[in-house]
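There are structures below to look over.
You will see two complexes here that share subunit A, one where it goes with subunit B and one where it goes with subunit C.
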Partner chain A sequence: MTESTSSIAQKPWADPNAEPFMQIKNVTKKFGSFTAVENVSLDIYKGEIFCLLGGSGCGKSTLLRMLSGFETPTSGQIIIDGQDQAGVAAYDRETNMMFQSYALFPHMSVEKNIAYGLKRAGLPKAEIATRVTDILSLVQMDSFAKRKPHQLSGGQRQRVALARALVKKPKLLMLDEPLGALDKKLREETQSELIKIQESLGVTFVVVTHDQEEAMTLSSRIGVMTEGEIVQVGTPHEIYEYPQNRFVADFVGSVNVFEGRIKEDGEDHVIVESRDTGSDIYVPHGISGVEGQKVAIAVRPEKIEIGKTELENVRNSISGTVDEISYMGNVTVYKVVLDSGKRVRVSRSNRIRSTEDALAWGDVVHLGWAGTAGVVVTS
Partner chain B sequence: MSAVSKLPGGRFLGRFLEKIGFGGRSLVIAVPVFWLLLFFLIPFLVVAKISLSEAAIARPPYLPLWEWEDGFLNITLNFGNYLFLLDDPLYMSAYIESVKIAAISTFITLLIGYPMAYLIARSSPDNRNILLMLVILPFWTSFLLRVYAWIGFLKGNGIINNLLLKTGIIDEPLIMLQTDFAVYVGIVYTYLPFMILPLFANLVKLDGSYLEASADLGARPITTFFTVTLPLSISGIIAGCMLVFIPAVGEFVIPALLGGPDTLMIGGVLWNEFFSNRDWPIASAVAIVMLVVLVIPIMLLRKAQAAEAEAH
Partner chain C sequence: MGHTSKFLKITAMFGFIFLYAPIVSLIIFSFNESKLVTVWGGFSTKWYGALFQDPQILQAAWVSLKIAFLSATIAVVIGTIGSFVLIRFKRFRTKSLLSMMITAPLVMPEVIIGLSLLLLFVAMQNLIGWPGGRGMLTIILAHSTFGAAYAAVVIQSRLVDMDLSIEEAAQDLGARPVRVFFDVTLPVIAPALVSGWLLAFTLSLDDLVIASFVSGPGASTLPMVIFSKVRLGVSPDVNALATIIIGLVSLGIIVAALQINRSKKQGADR
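So, the complex of A and B:
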């Protein structure tokens, strides 16, 4: 019993009785004849870190701007904490935003930037001072209170921007590409700090990003967007392991897609005949269809085994020639050309340093993957 | 490497010029320096020289500053012109009146120009070009013609009075021409583009995300204006005010055409000294003092700006 409630507390979206904290209902935004956001519906629950993931121009930022009140939906409804946001101006919303450019006021010190929102709320001076001090120590910027934004590094500005957005204790915090301007190392550190801060304050985060890695590490759930529509919503695990369509499979991580037609529709499996592989592909789940129907099977590069000799314990097996080898340190990526001309990407983690078994260009290799490794995706 | 050496056959010349301390860099700088020397410093020195000489009925109408006589060089510096300016209250009150009129006009120009510049900066790029064009358009007509046109508007049976009489708002014509009011109208109208353009250049660079951030943090548009937009556009305001205030102090044509007999501005005084009284030394002294009156605050302001820029 306790276990089930705690798992529901962690995954409120899985509980049909849970009340969503924010509801986006059939929201559409048009700019002239261009539709930036098309009929998006989304429920976000309290305490979540929800990522809107998509390439540039997919409408994710427009959606965020509608949540914060900078844009008005052409149609549809946005409800935050039970309140319809239609007609509520940006300055009256109990949401805050961390801007991509940080938008720190250049003429104000760090302290004044953070106090800005509290002053507008008309809080007493003493309270403003304590809250500013508290938030500055939370983001570890205590010693920079008197500095101006231009005297800070990118990472420090990011912290100040976060502090400024959090200090009003918003119901919902929106972050537009929060880590975009930071270098890789700093980004990884900040990511985990961001999660810690979110957990300690319990604020609901909505993050917009084009970086799938950032989305995977930060979020409780991801909504993948393309061309103004949300194509899949799910946990990072669901998005990666069970992409519903080709776009998601391709956008999140890399993937090999084999085209084919259903040859046999069994009770617990289907067999797909593919010209790409030159052999039949066995898929144990996720599809039922008529024979002859066109489908695509997606297989992640790390789920494909590679070896010089015939592989054992694999359900699907093909062979080809090594065409390209990229050594990345932790993994090596092989590009293998099949007889059909199809190129397959295979990655193998370099668990041992030995080069005994090393594959070379031009080697004939056997590829194979378990039946459960493949996912059927619609195009 | 000097720029000259890049030219075919210029290598030798370039080396030679460099050797005598005349590289490409100094050549580039030399052009504006020469320009300022020829058209600013030398005329200024000439005026300064005349201001220290004595008036005479001669041609030119002042005595030379130095004379060579029997192996003696006689230098006569006449500070009397400056002392005379202090003596006669006319000059002092003309200076004060000029600065007052210029300051009030600048302020009114700012009040009118700021919203216009803001609107232009915030409009779509297509509209922006049209609106900017409209601001610059009056320059295509002679300044004198435009000031004359205002006479037609402001005079007793002019357009404004006729309109007001016809609509029954007033019973008898308002006296507007030949008053300080007309001078203000003329100065504000003439110098408005000089206020709008630097303000526009500043406001158009203002990052919209600052305004959004301010709204996001709970500031209403009016609060955002006073706490974010205005402080960030202060350098544009200073530039615009300078461009209006400085020429307005020395303005001669507008008060002469639109002002009345009571309108006392230093430009008019200068004109009278030069052309009516033919007292070049006094006129030169008036001009030099005006320059000092204007230059000192400008230099102080520049210093303050430089200090602020350093702090940034």
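So, the complex of A and C:
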């Protein structure tokens, strides 16, 4: 393990004294009257794989293009390794980008594609040759050096594009939907390889993706974006387990949201009265709200238990009727209709093959979840 | 594939006969022994021999080739710059207006183009003394302008297909914009440049009307010489000449088509 990974393991973002490697300060980008990126501030630390996650048109690509110098911020500041990037053209920045379409030069061989950036930097021929050979073996493309891009498969092109962007040893590597064009099997392999390569080189990665699974597996931290704003920044665990608002809860993974009002706001717990569940919901942490305030409780499908008999050891318990069953192999997803008409998604992992307690359509079932399973989302 | 119906086959056959019978008969009669154009007198290649003895025709052919070569080259340069600017132009309305204007010479009657160019050249000569008189230079200028319109159309279609991110990738790797153009853009659109050049070259070789307007003494192109010869009565050596031109033009078109095909394939692979 290199130094950078260990420093990332120490979570520099949690240390108030840590110096961020890249700072985005109040950056806004407007195209005419349309605001693509609105007042984004972000600190990214050395050695991170930081994912910008969001749907199409959320401004994540525009933000990336501002980092690489293809767009100029309308206002705000971008500082990379202590240097203000204002007025620095794309060709002068010490950052590189891996494009979504890979953007390989169609008339150049793999070798020449990779050497292009080094040639522009005016490196001696011998050094270019060794660096190209080294990076080719790193991405396991040694035997394809003389091929043209159109003679390669999608996965191979992706490797060449990665090699071309990495060979200049950029301070920051930006990846625009790096795995978008690959099929599922190849994606999974490539994901773990990408992490390995990143760890061995210690380059800071900024990844743009709309795929939450990709973001979860790749990144040290995720910034969730919508409508030009960053709505939450956190580790994959934080984003998934403690979504700060309904958008994040819904965008990352699936979630059941129960609407309600605060009935009792204690020091160490909250009780929410919900018409959706027809009962009170207990949450074992205090929130800074007032009684009667409208809130919503988000509960992930896999955190809800389901059974034909009354469940034990659950803090919150409701009942309903099975309406839909989807068997997915590793898990089975049940859609249960409550008395209020609210539909609840419950997933249960198929640990045993037995069909003894199998549930069928129309069964009356009990649902329950531990007090800690739910999260209060306010907005 | 199913069977093509008999009716379709016959119609297609008539269509092609209609198109090609005149050309085929011309080629056949170019090998005619007889001095009479419409009477077959046996096979001979003597008119081809006679052609290469005729200084007037050789001279005109040389003039035509020079004009075609130079005007095609100028046309491709202008066409490339024009289409490049058009494609990269951000404002949509101006863009579509300009793009319409660049293709207008394609549909403009040649007589009008020729006449307007002649007027322009005369006016320029009176005002600034250049171009001094009409001749090869004015024909080259005239052919460059309408050749550029054709070249621009061909090059534009290639530029539209081009993935802009490869230019950004080059910039990202440290190439300045001019460098990007020569290292990446130009090689990628090269097949379109070749086919644009061939198109402009062929059009220039073919042109009679515009050349007649803007040419002066001593600068007769091949089509002009043929036309004046024919007015005095069709002689068999003109048939031979026409056959050679048909051969050259078809060769040019075939090469251009192959180039376009190749560039399309490359685009699809990318």
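For this structure, a couple of remarks:
Going forward, the second predicted complex is superposed on the first by the 369 of 379 C-alpha atoms of A that agree within 3 Å, B and C clash if a C-alpha of one lies under 4 Å from a C-alpha of the other, contacts with A are read in each partner's own complex, and residues count from 1 in each chain.
The rule we apply is simple: a residue touches a chain if its C-beta (ideal position, glycine included) is under 8 Å from a C-beta of that chain, and two chains touch if they have at least 3 such contacts.
The structure presented is a predicted model; accordingly, all values stated were derived computationally and were not measured.
The superposed arrangement places subunit B and subunit C in clashing positions on subunit A. Of the two partner chains, subunit B and subunit C are each touched by A:99.
Once the two complexes are laid over each other on the shared chain, residue contacts for A:120 go to subunit B and to subunit C alike. Judged by the touch definition given at the top, the superposed model places A:149 against subunit C, while subunit B stays out of reach. Of the two partner chains, subunit B and subunit C are each touched by A:90. In the superposition on chain A, A:195 contacts neither subunit B nor subunit C. Judged by the touch definition given at the top, the superposed model places A:271 against neither subunit B nor subunit C. Shared interface residues of subunit A, touching subunit B in one complex and subunit C in the other, are 68-70, 89-92, 95-97, 99, 101, 103-107, 116-117, 120-121, 150, 164-165, 168. Subunit A contributes residues 68-70, 89-92, 95-97, 99, 101, 103-107, 116-117, 120-121, 148, 150, 164-165, 168 to its touches with subunit B in the complex.
Subunit A makes touch with subunit C in their complex at residues 68-70, 89-93, 95-97, 99-101, 103-107, 116-117, 120-121, 149-150, 164-165, 168. The touching residues of subunit C, counted against subunit A in their complex, run 163, 165-166, 168-176, 179, 183-184, 187-188, 190, 266, 269-270. Remark: subunit B residues 207, 209-210, 212-221, 223, 227-228, 231-232, 311-312 touch subunit A in the complex.
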